[in-house]
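Common to both upcoming complexes is chain A, partnered first by chain B, then by chain C.
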Partner chain A sequence: MILAVSVVTDFFQAVLQGVPPGTVYALVAIGFVLTYKTSGVFNFAFGAQAFASMVLFHKAADEWGWGTVPAAILSVLIFAPLLGFLLEWAVFRHLRTAPPLSTLVVSLGLTVAIPSLVTILLDFSPKSGSSPHGVVPDGRTVRYDPFGVYPFSRDELVATIVAIVAVLGLAALFRFTPVGLMMKAVVESPRMTELNGISADRVSAGAWALSSFFAGLAGVLIAPRFTTFSANEYFNIMVIAIAAAAVGKLVSLPWAFGGGLGLGVVIALVSTFLPRWTDEFAWLKPVQENVLPSIPFVVLFGVIVFVPGLRKAIGSSDPLAGVDPPRQNVASVITSAGWMFLALKAVLLLGAVAVVYTQADRTWTLLVTQAVAMGIIFLSITIITGLAGQISLCQGAFAAIGAFAVYQLGEVRGMSVLVAVVIGGAIAAAVAAALSLTLRQLTGIWVAIATLAFAFFFDAVLVKQSWIGGDSLARSRIPRPVIGTIDFQDDSNFLLLAVIVLAVCALGVYLFSRGTTGRKLRALGGSEIAARSVGISPSRARVAAFALSGFLAAVGGGMLVIGQGSVNYGTSFVPFLALFWLIVVVTFGVRQPSGAIVAAAFFILFESVFLKGEIFGWILRGEDNIPSFFPLAPDWRYILFGLGTIQYARHPEGVLAMSAAKRRARSERRAADKVVVDSAAELGTPA
Partner chain B sequence: MPAIRSGRSTVFRLLALLAAMAMLFSACGNSDDGDDASPTTAATDNGDEGDEGAAGGAEIGSAVIGEGPHGEFESIEGVPGVTDEEIHVALLSTGDANPIGYCLLQCQADGIQAYFDWRNAQGGIHGRQLVLDVIDDEFANNQLRAAEIIDGGEHFAVIGSPIMGTGFIDLTDAGVPVFASAVQSDMANGVNNMYTPVGTVCITCPAKRNIWPVKDSGASKVGILGFGIAQASKDCVAGQKASFDKWGGPQGIEAVYVNDDLPYGLPNGVGPEVSAMKRAGVDFIMTCLDQNSVKTIEEELSRQDMGDVPLVLPNAYGDEEYLTQNAELLEGDYIGLMYRPLEANQAGTDLEALVEQMSAAGSAINDWAIISWINADQLFRGLLAAGPQFDQQKVVDSINSFTATTSGGLTHAIDWTRQHNAITPDDLVTNAPAQECFAYVQVQDGKAVLMGDADKPHFCWDPADEDWKEPVPTSFAAE
Partner chain C sequence: MSTVLATRGVSKYFSGIMALDRVTLEVNAGERVGLIGPNGAGKTTLFNCILGVLPVEVGEVELNGEDITSLPVHHRARKGIGRTFQQIELFADSTVRDHLVIAYRANRPRWAVVHDLLTLGRPRPEEMEASDDVLELLGLQGLADEPVERLSLGQGRLLEVARTLMTNPDVVLLDEPSSGLDRRETAALAETLVEIQAERGFAVLLVEHDIELVSSFTTRSYLLDFGHLLTSGPTEEVMASPEMRAAYLGTAVVA
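Presenting the complex of A and B:
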């Protein structure tokens, strides 16, 4: 009897303990659903917007001495809605008819750019010992215990109350008010709304301001839950909140609220009742270590894969969708650069490598080698996104599989590291293929979210397994390979080997894209219905693309760590960084191998060459001539590339192809003008 | 229209290519195959080739170094970072980009610069001034910055403790003397030209020092907390658990709650974990966490009426703002130190100079600054012992001949002839210092208060003693 009472008490206590973190998830999930309902945009940048408001709040309250209330007014009531207006006016208004994948890429770019921009503009950096505080006086220290079981702090109570009020208020807004109806109408059909005399732009701007205000509010209210001021924490919470939002199929505010609370409570219950391992029950350790951190991502993955109603996108039933001529689906166009142009690119690349091989010091050799290895990884994005039209956000996990395979097989077990690279590639290919099979019913953004869930699962659970990440990577000294009498311990020799591997992989990508599977994928990209009608199986083609993509990422990851001599998962393969990879490749051109290679060069070399001002030193012949405002903060890399994704929706072919197309258009215009002039001259008439 | 190849034959072609690559690469080996598995070292054995420069080396390690001048000037050519006027030393650490927000780069720079200023005011070393060049690895570029240091040839040695020391292996392979911290002990293990302030530490090994604060507080049931995602944190938890497993029983102390799997940032809070500790009767908590996470735990302890349970705090020494702002939460907590606390008597030690120099510069005297001062002192003593025709190898050989260096009375005696190799869980004696020493302060009213004797602030144990006994209060100040 006593035991039963104790269990009930523990249960009740765990439920209450789950409410504060659950409220955090609920607040973010509500905001996410709000943005999706009112704009149709799957806004990954919601967390970044929340972070921006939080940073401004703390700068104003703590450093500028404004006090809590004025700081909250500034960050939540003024800055946040203005940010929403700006995003709508400058970015998302022009993407209203863009494919969902395009807006997803843009939102990813903003996810990366906004925190870096805010950090630089406000001169903000986290400080150990200083953790975020809330808007309520004595919010952390004053507590209330309404049930006599577990006290809540003021901050937590306020956040919970706000979440409840928000969900009720917003639900009422959408259900009972004209404003809410207009917001939903604009998302479903802007043209239809305009035909009814309602300004879609104005409604959309208001919707973005509202959702951005909510982002600011959430950012400030949830800040006390975090131990540090970190944009990554906000992004991680976003991913968990998507799981909560998915419970409500991304459109139901009450269900998103319930999903968030439920997630917090479930985690607390599992944490309370999962048996603790002891020396006597050591087998419990892996269970305990892995169950808890995996819960949000398993829930997210499971909801996406197994809830069919989730995949119907808002806006897909627009009766006036056919008014504009359809955009040419770029995936259906096979662009051929011509053998001469390809040969020229190859010569340029070989020339650059020759210069580095003969002239560069160790630092630059190391940098270029990293760029080459990243080029191999980025080729995986060319396959999965450029060719197959899927956005995979777990390429970092595949690359890490390759890296860990090299460590486990090459260093720990003494196998040839190059064989370990191939084995790692095969393992990643198998994992990617298996993942693709589970996602075969999904398309578009759902593939992206599911792969993101996998990436976080890999990060939270798999990396720390001793048979994957290893027990002590700090001690790793990954050997360089030896082929015959050539010892690649020499950095320059290893660079050559990496270039050869890159060339082989690039050729493989080129051949794959022009082979049967590649053509099938293009056909699917052009029109899936038409492709199916001629017997092309989308799932088979996509599984092949995923497998090859996983293989390439792993090979690149393996080559990267061999070059570096150690595995640095935290700085090389984490999910947030892998987002940035996609952004960089998309910017330069995701459909051609050259886009991936140039993207890798920029990704690695941008900071050294541009942000540190080295290029000025080369041009002005001397490091002393570098302007004094250099070096610029590394964050500028994220800002420039992040904002660069905004052009993706208009030019999904990327910067390189866009430049090439413009050059071709200019040449054609010149040729046409010449014809006109010549004709006029012949006829003796003015041109 | 080009002929469409069968998809199946394309797959077979790819498989064949893979198989060919595998066969080709299986004929290959790895560089250094056949060598033993221990990390390569750049330094030779201690002292064999550096006798000229290492004359008097062992004595200099433990000597009280006077006002100066120190050493003699002789012109040197071809030594990286050395001119006739200066010796350049690089600080390679992590600045603002570090996600935890620790004061690493600036605080380490403050400590090293304070030491250099002190010695430079005495005339420098071998007629040269010590110059510190601060290099920020921006968290992710440590290996790149290390390569630049090696390529540049403009730095004689490297001091620093970054978040990710990925370039330190390259530096040591290149023969550069590297002075890091206990955090890099894994990397330093067995490497003859890499140094830490108190010898190479084994984080997973049991340590007698872990028993003392628990006994002092009268507690008997210990909880141990660490992060799951950080191997260093898990290793720390393992070491602490091993301590209580080995020595706790006879002292009536037991580790009743061990959790090395907390998620970083504690996004779900720690309510259930604290409740579990409460149910287990935990009355003392050891932590392998960062400062902010400890604060979160303290708040939860307070919430669940466990606010009186003492903790051992990480890295909080000298952070007056943290201690003051959280005085109530941290009341009664312990901070363990590997060096002589500032609260002890400073006479006969270089603590006086440290405090004077750092105060004059307006620098905060905290954990990282003190550790960096000690590192700078080890380098200085190595330079002095190496003689006027010094180079990197001679300095390494000199330091490696020190059998009882205490960095001016700040640490227990370190024997660099043995302590490049860490102790192991199976052998706690062979590579141990002569005495395993630690100091403790306790947080009282927002201030650090010394535990024990102000004249003999180090609690020392004999590593050869199988059992745990009360420590011997010891001082390493000059007589």
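Presenting the complex of A and C:
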């Protein structure tokens, strides 16, 4: 009896405890659905927008001494809507007819660019040890206990009440104001509205401003839950919000609200009851330790895999979906480059390696080795995104599988590290294949979200298991291989080995893309329905692509850690970084292996060469001649590449192919001019 | 004569609206059958149900006497259904040859990896031969290495036919092959269709608004309107029927 009472009390306590974060998740989810439905943009940058408002709020309140109310007005009421408006006006408006995957990439780019940009522009550097605070004084310490079960902190109460008021306000806006009615109409059927003569541009700009306001509000309200000022926390919040929105198939505002609230409560319930169960069921212990952070990802993955009809939810809900303007055709770029061109590239690459091999000091050799290993990882993106047309956000997890395989088999079990690399590749291939089998009914955005969920699950749960992550000290003792009499302890030798592995992998990618599966994938990318109706199985081809891509990522990850001599999971493989990989590869060209290799070189060397200004040291002969504004903050690379994706969306073929295409166009134009001149000459008229 | 393709009581709803109402039809081996009806009658929807692009709510689809209702699209295709599309569907960034090679290969899935390694991804001799044959049959020889972006609409439609021929189908579903073509091109297309059908002997189910093409090409026709099969029989009789007039003039449907 007493037990039953305490269970009930605990239950209520957990429910109440879950409400404050739940309402904030709901806010984010609602804002997210708003943009998704009005503009079709799956806005990964939403968390970054929330972060931006939070940073501005703290800057104004703490450093400019504005007091919390003016600071909140500035950051939430003024800045946040402006940011949303700006994003719509400057970026997403121009991507209406772009393929959905390129808008997705742009939003990923903004995800990495916005936090860095805001931090740098505002010169925001919180004192170490300081943590975010809420909008009321003593928010954490003063508590109220209205039901006698759970004492709400002041911050929590404010967050809950403000969030509920905001949602009610949104409902009222939709119901009673003309702007709201228009927006609601667009949310329900964008094309219908357009046909009725309402300017979708204006409505969409309004919706972006409104949803960005929700982002800013959530960003400021949720801040006191965190102990540090980290953009990653906000990225996590956004993943939770995506899970909440996915409950309503990304299109239902009430479901998004319910989903957010529900997730908050579920998380609180699990954290209350799971520890209790584990007293009785010992096998639950290891699960318990990691389960809390993983709930959103498990829910997200579960919703995607198990909710039937999710895939069809979008296209068919709009009866006029078929009247969309045709999708812009991705320019034809895999030109038959020809052996000459390939050979030229190879010679250039080998030349570069030869220079490094003979001239560079140890630091540079190691750096270039890293770039080479990274090139192998990036080839996995060439396969999965460039060839198979899928956005995978868990390549970091695959690479980490390779890294941990090297550690577990090579360091712990004493196996040869090179064998371990291959085994790691096989494991990652199996994991990738299994993952893509679970997702085989899905494409596009859902694959991106599901792989993101997997990446976070890997990050939150699997890495912490001792049979994968092991202990961090031992992770820094990865040995180098020895083959016969060649000892790869020598850095230059190891660089050569890495180059050979890269060359083999690049050749493999080349053959795969020209082979049967590559042809099938290209056909599927060209017209999925036509490909299926000549007998091509989409899921088989995609599973193969995923497996190969997992293999490559793991091999690259393995080579990377052997080169570095340690597994630095946090600085090399975390999900956020893997997202950045995708952006870099896409910027340089996701469709040819050479794009991946150049991207890797940039990714690794960018910081040393450009941000630290060493290139000026070379050019001006002498370290002392590096201009004094170097080194630039490493964050600049996020900003540059993140904003670079906008350019990508307009030229999906990537920087390398773009310049090649320009060259081609120029020579064609010249040829055309010549024809005109010739025919003019024939006609006997002066040209 | 044996039945190649049959639908038995196939019904299809789109969010409550009936697009197909218990449609039953049969196509015999080597037969040329028309499927006519005004815009929105459900012709393309029926094709999609036959191929499995859309699931059917009620009814069965049979191919060569086998119930294929629950098979995925690519299995049905490999079992012998070919099709073309009302809105042309080609593989972007590919040459004419690529289209034919992959269609051929998708139906002979064995030892792909070994072949790839032996040929380094180039088309195999038998694929070159088969695709040359089909190209010649359709009068597309010389275009093998063209990227599809350079083809005219008429050539594109022929390429769709060529692609489906590479899978060696028992029955081909043609969805308005003449749409977007001018009279001359349509006449040429009709001629080509007759030729290749005679040569290869597959059955055809033809959806077409061009009355002339239907009359000259098909022997038998079905008339579909608002998802109902109104009548069927020899093509001239269907064309002359009161149901036909009613359907096309938009007066009340005579059941």
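FYI, the second predicted complex is superposed on the first by the 601 of 687 C-alpha atoms of A that agree within 3 Å, B and C clash if a C-alpha of one lies under 4 Å from a C-alpha of the other, contacts with A are read in each partner's own complex, and residues count from 1 in each chain.
We adopt the following convention: a contact is a pair of C-beta atoms (placed from the backbone, for glycine too) under 8 Å apart; a residue touches a chain by one contact, two chains touch by 3 or more.
All values derive from a computational prediction rather than experimental measurement.
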item	value
Chain B versus chain C as contact partner of A:T228, first or second or both or neither	first
Partner chain in contact with A:A530 - chain B first, chain C second, else both or neither	second
Which partner, chain B or chain C, touches more chain A residues	B
Touching partner for A:A159 - first (chain B), second (chain C), both, neither	neither
Chain B versus chain C as contact partner of A:R522, first or second or both or neither	second
Which of chain B and chain C A:S271 touches, first, second, both or neither	first
First, second, both or neither for A:S566, with chain B first and chain C second	first
Which superposed partner A:P151 touches (first chain B, second chain C, both, neither)	first
Which of chain B and chain C A:L250 touches, first, second, both or neither	neither
On chain A, positions contacted by chain B and by chain C	511, 514-517, 519-520
Residue ranges of chain A in contact with chain B within the complex	10, 13-14, 17-18, 20-21, 24, 125-131, 140, 143, 150-151, 153, 225-230, 232-233, 236-237, 240, 264, 267-268, 271-272, 276, 288-289, 292-293, 361-363, 366-367, 410, 414, 416-419, 421-422, 426, 460, 463-464, 471-475, 477, 479-484, 487-489, 508, 511-512, 514-517, 519-520, 544, 564-566, 568, 570-571, 607-608, 634
Touching residues on chain B, where the partner in the complex is chain A	2, 4-7, 10-11, 14, 17-18, 21-22, 24-33, 39-40, 96-97, 99-103, 138-141, 143-144, 147-148, 150-151, 164-166, 169-170, 184, 186-187, 189, 228-229, 231-232, 235, 257, 259, 261, 263, 265-269, 271-273, 275-276, 279, 290-293, 295-296, 299, 303-304, 315-316, 319, 321-322, 325
Chain C residues touching chain A - in the complex, by the definition given at the top	14-15, 51, 53, 72-75, 77-78, 81-83, 85, 89-94, 98-99, 101-103, 105-107, 112-113, 115-117, 120-122, 147, 149, 160, 163-164, 166-167
For the chain A and chain C complex, residues of the former touching the latter	316, 329-330, 332-334, 511, 513-520, 522-523, 525-527, 529-538
